[in-house]
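What follows is a pair of complexes built around chain A, which joins chain B in one and chain C in the other.
So, the complex of A and B:
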């Protein structure tokens, strides 16, 4: 049972670490960024590229990749999303057009990486980080990367939740998502705020890309797609608008999946897990931690 | 009826006898010249080529997506064969021209491309490597009576009629070698982790392996299938490690092999790991030393002494700068099946090409995979066992 719990925490950390950035942009900015999976993949890809050319350790590669992916996110916001927000007549038009644009951006990124890698899977060189197994008798085996992921996930979740809810920056982010015009009148530069939030979301995608590429031991141009589907599910379980809710949702989903594999028909893991999601939504349509009515911020 | 040669020889004029002798000598000389001009292969697929112009062929292949690496390797082998066939003049003055299309590893895309291809003047079509796409595409080619050639795509529902061909032996024909190896190594129990959404790996694990294991006195402790797109395998590997089998079978597609092997070793598993053709230097490189000792059955031995194989390896390495994998060898041999078919047919008429290819398959030919023998339109091979030493692929024999 202890290994099941450890595997649940590990898998949950995979899901939550991936979903944090998406949760930030969707929950707070109302931007359903379908290019997020591609940003995550770019983080993994840049880690592979950097690691293949220079002998930098993880502590150097990680911030470098986060910076690169954050920069690409800002560029796409300035060149694409900002224009769409400006041209849109209503908030709904703005959301839809950014959604569609994000699909196109994802396709471009995936195609470029596929071309560079000839469609082959790559991996982050061991010079960046050496994964080691930590054994606690015969009952529990964990790797050092799984422990790192768990700690980073928990710390980041708390930090983000606190920042969004209690800092001036977080209040400004939530305000811009609800009414950018009023925020402008109050002296908040909504475009700069949007770009900053997108950059943070991109940096989180890059962070997740590096750590998960090392944990999973592969880098592939399509590696973001399956996680994107799961991320939507856990954000909805947890409640759109709640970062803590998304984290709880992620670990709950992971626990359900691991238990099914450990004690039930493994082939039906995904099917049963989504039945669990359905049951949660039938009981709590707005998600576990949503407020009585769905309101942003 | 007894043939009375005495009566024939006495009854014929002397001049006619001379003409007969000269004619026979001329015919023998012509036969000698004709055989010297035909390609040097072990079969007699040597019809004269009355072809001219461009022979248009379409390849519908998985060049991107989940099995993109397999499709690209296959395409590389095909390109080498195309070049060699054209440079050697095997088709006379005709030139083979293959147009390559990408299915993106999507069945709907494959079906759409196939529907378009059959309505063009393509003489033949090469189908995708993915079984899921191949079973969708095969009926289109068969009903349109277009010779359609597959590699990999080992599930049922691919070679469904006289117009469908496969130049990869289904794995069930060489997995007995794998099962016998496990028995020789004293393996008594195995567990399987497999991709349950890919027909080839699903059928291999659920239908082919159980009777083979039983025949060799090996008990299967568990079979754990995952959906394609699974990213973290910890739950599966922990379950398997908990069972403590003597060996673990990993029946997966190309990109999944290393992550699962790494996950098994990280979970503390120290026993033998075995698999199928998806193993290989390219797919095990990420696992590195963790994959050392992994064994798999495959249809291609790049270190074989078979002349055609050696030549193929040298030519491929010269053209692409890296050693070929089995998928490239299969693509190469698939194009040659078409070439022999075209030569036998001396025509680009689809029905004649189909008949020519069936003739070539019946006779067999030497290819990059070795001496090729077909059962109908489907290749059959005993296969080879290979292992990974942590950095490179080695034949199993050299490890004993």
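So, the complex of A and C:
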């Protein structure tokens, strides 16, 4: 049982990192970014590319990959999403067109990587990170990667929560999420803020991609797709834009999955996320931890 | 002429099936309801029809059955989903699309696991497929022109306004859901009968990209757009053979470019061009029409 808890804590960490970025761009930009799974995959892929060319350690590779993925997301924001935000008349229209554009972008990224890897699955070279198993007594075995995933996630989640709650940037971000026009009048550069948000979300996706790729020893062009459903479930549990909610949701989902793999029909692990989405949406559509939110007409 | 048909029969069948799939997405998108559920119903319909055909059921029975069943399930789905708006709805229906392959892989002998079902007897001719598509298009074009079409346009622009004008918003939503699901199921059932194999890999993300490309590139405001979209998606890879491995990439790029520069789709772009060349004031584009100061 203690092993199950430890495994779900480490797996859940990656889920939390991944879901946080998606939740952030949804709450601030009204963007359901379906290219997010592709960004996760790009993170893993760039770690593989960097690792197979130079002998950099994880401590260098991680920031490099996060920077690259963040840069790609800023480019897509400037070229595509910014235009779509201003072009469409109604919020519903712009949500739909951004959603569709993100599907197109995902197809582009996935096909490119698929071609580069000839459809084979790769792995991040050992020179980047050497996975070792640490044993704590007889009952508990963890890899050093699992520990890193847990620590990185806890630190980053707290940092993000603090930033959103107490900094000037965080206040502006929450303000823009509610009413960009008024924030502009108050001197917030909303376009820059949107780009920053999307960069942070991209960096989180890339980070999660590298960590999970090393943990599972596996890089593949379609590795982001299953995670997307999981992130949906996590956001639904936690409520859009809630950092604490995403953390709780991520660990809960991971726990449920680890339990079903350990004791139940393991094949149905990917269906849990869907069941969660359905049940929560039916019983409590605003999420388990959502604050009161009123609709703007 | 006959030679041409027999040479390209598979492509023609493919186009016709895709027309149905594209229309099934348009029906909901037109009401401003971002539901992708019909992709899931396509996959479900294809499996249902594959299994029934293998059990020697006559297609005349299978098709109405699949349409009715998907329509009813879609209507039932509409009940809980009608409370969801915008992105929540998109997400829930997307999750529905993505979970179906998982369930099918785990379906045991009934669904054939990861391999799917193959060697399905050919159960329908191109002629009857054509008739079905024409009937659907006629029905949909009547809906578009009629009261429901105007109601769904109102619904898309402003839900509260539509409600105040006497549009029964919730009922319209259920109906759109049910029609979309029924058409998705029908397209899936036909595809299994024509192409004689179904596999869980056919559903999921690739099909969503494909379906949305078809529904949007042509123009989502009319069934003509669906026909254009389905035609392009099927035939362009044939004309540009070198595209082959980059098919999905090209679709993705086209999708982004069209969304950015032709929000009304190719049909809308052509219409505007015509209006301009006749030196009449161009009909307002969607963005102009809705850019009313609030």
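Following the convention adopted for this analysis, the second predicted complex is superposed on the first by the 267 of 297 C-alpha atoms of A that agree within 3 Å, B and C clash if a C-alpha of one lies under 4 Å from a C-alpha of the other, contacts with A are read in each partner's own complex, and residues count from 1 in each chain.
Going forward, a contact is a pair of C-beta atoms (placed from the backbone, for glycine too) under 8 Å apart; a residue touches a chain by one contact, two chains touch by 3 or more.
Only a predicted model underlies this, so the values are computations on that prediction, with no experimental measurement involved.
**Q** Taking the superposition on A as described, I'd like to know which of chain B and chain C A:92 touches: first, second, both or neither.
**A** second
**Q** For A:54, is the partner it touches chain B (first), chain C (second), both, or none of the two (neither)?
**A** Once the two structures are laid over each other on A, A:54 reaches no partner at all.
**Q** Taking the superposition on A as described, I'd like to know which of chain B and chain C A:279 touches: first, second, both or neither.
**A** Neither partner.
**Q** Between chain B and chain C, whom does A:104 touch in the aligned arrangement: first, second, both, or neither?
**A** second
**Q** So, does A:262 touch the first partner chain B, the second partner chain C, both, or neither?
**A** A:262: touches chain B, not chain C.
**Q** Quick one: classify A:225 as touching chain B (first), chain C (second), both or neither.
**A** It touches chain B and chain C both.
**Q** Does the superposition put A:178 against chain B (first), chain C (second), both, or neither?
**A** neither
**Q** Based on the superposed arrangement, let me know which partner A:162 touches: chain B (first), chain C (second), both, or neither?
**A** neither
**Q** Looking at chain A, does chain B or chain C touch a larger number of its residues?
**A** C
**Q** With the two complexes superposed on chain A, say which partner A:121 touches: chain B (first), chain C (second), both, or neither.
**A** first
**Q** Please write out, lowest number first, the residues of chain A touched by both chain B and chain C across the two complexes.
**A** 111, 222, 225-226, 267, 270
**Q** Can you list the chain A residues touching chain C in their complex?
**A** Listed in rising order, the residues are 26, 30, 32, 34, 80, 83-84, 87-93, 95-97, 99-101, 103-108, 110-112, 115, 222, 225-226, 228-229, 232-233, 235-236, 265, 267-268, 270-271, 273-274, 277-278, 281-282, 285, 295, 297.
**Q** Note which residues of chain A are touching chain B in the complex, please.
**A** Listed in rising order, the residues are 3-4, 7, 10-11, 14, 111, 114, 118-123, 126, 131, 133, 135, 138, 141, 143, 146, 212, 215-218, 220-223, 225-227, 257-258, 261-262, 266-267, 269-270.
**Q** Any idea which chain C residues touch chain A in the complex?
**A** Against chain A, the touching part of chain C is residues 29, 32, 34, 80-81, 83-88, 90-92, 94-96, 98-99, 102-103, 105-106, 156-158, 160, 204-205, 208-209, 212-213, 216, 245-249, 251-256, 259-260, 263, 286-287, 289-292.
**Q** Could you pull out which chain B residues touch chain A in their complex?
**A** Contacts found on chain B: 63-66, 68-69, 71-72, 196, 224-227, 229-232, 234-236, 238-239, 241-242, 254-255, 258-259, 262-263, 265-268, 282-283, 285-288.
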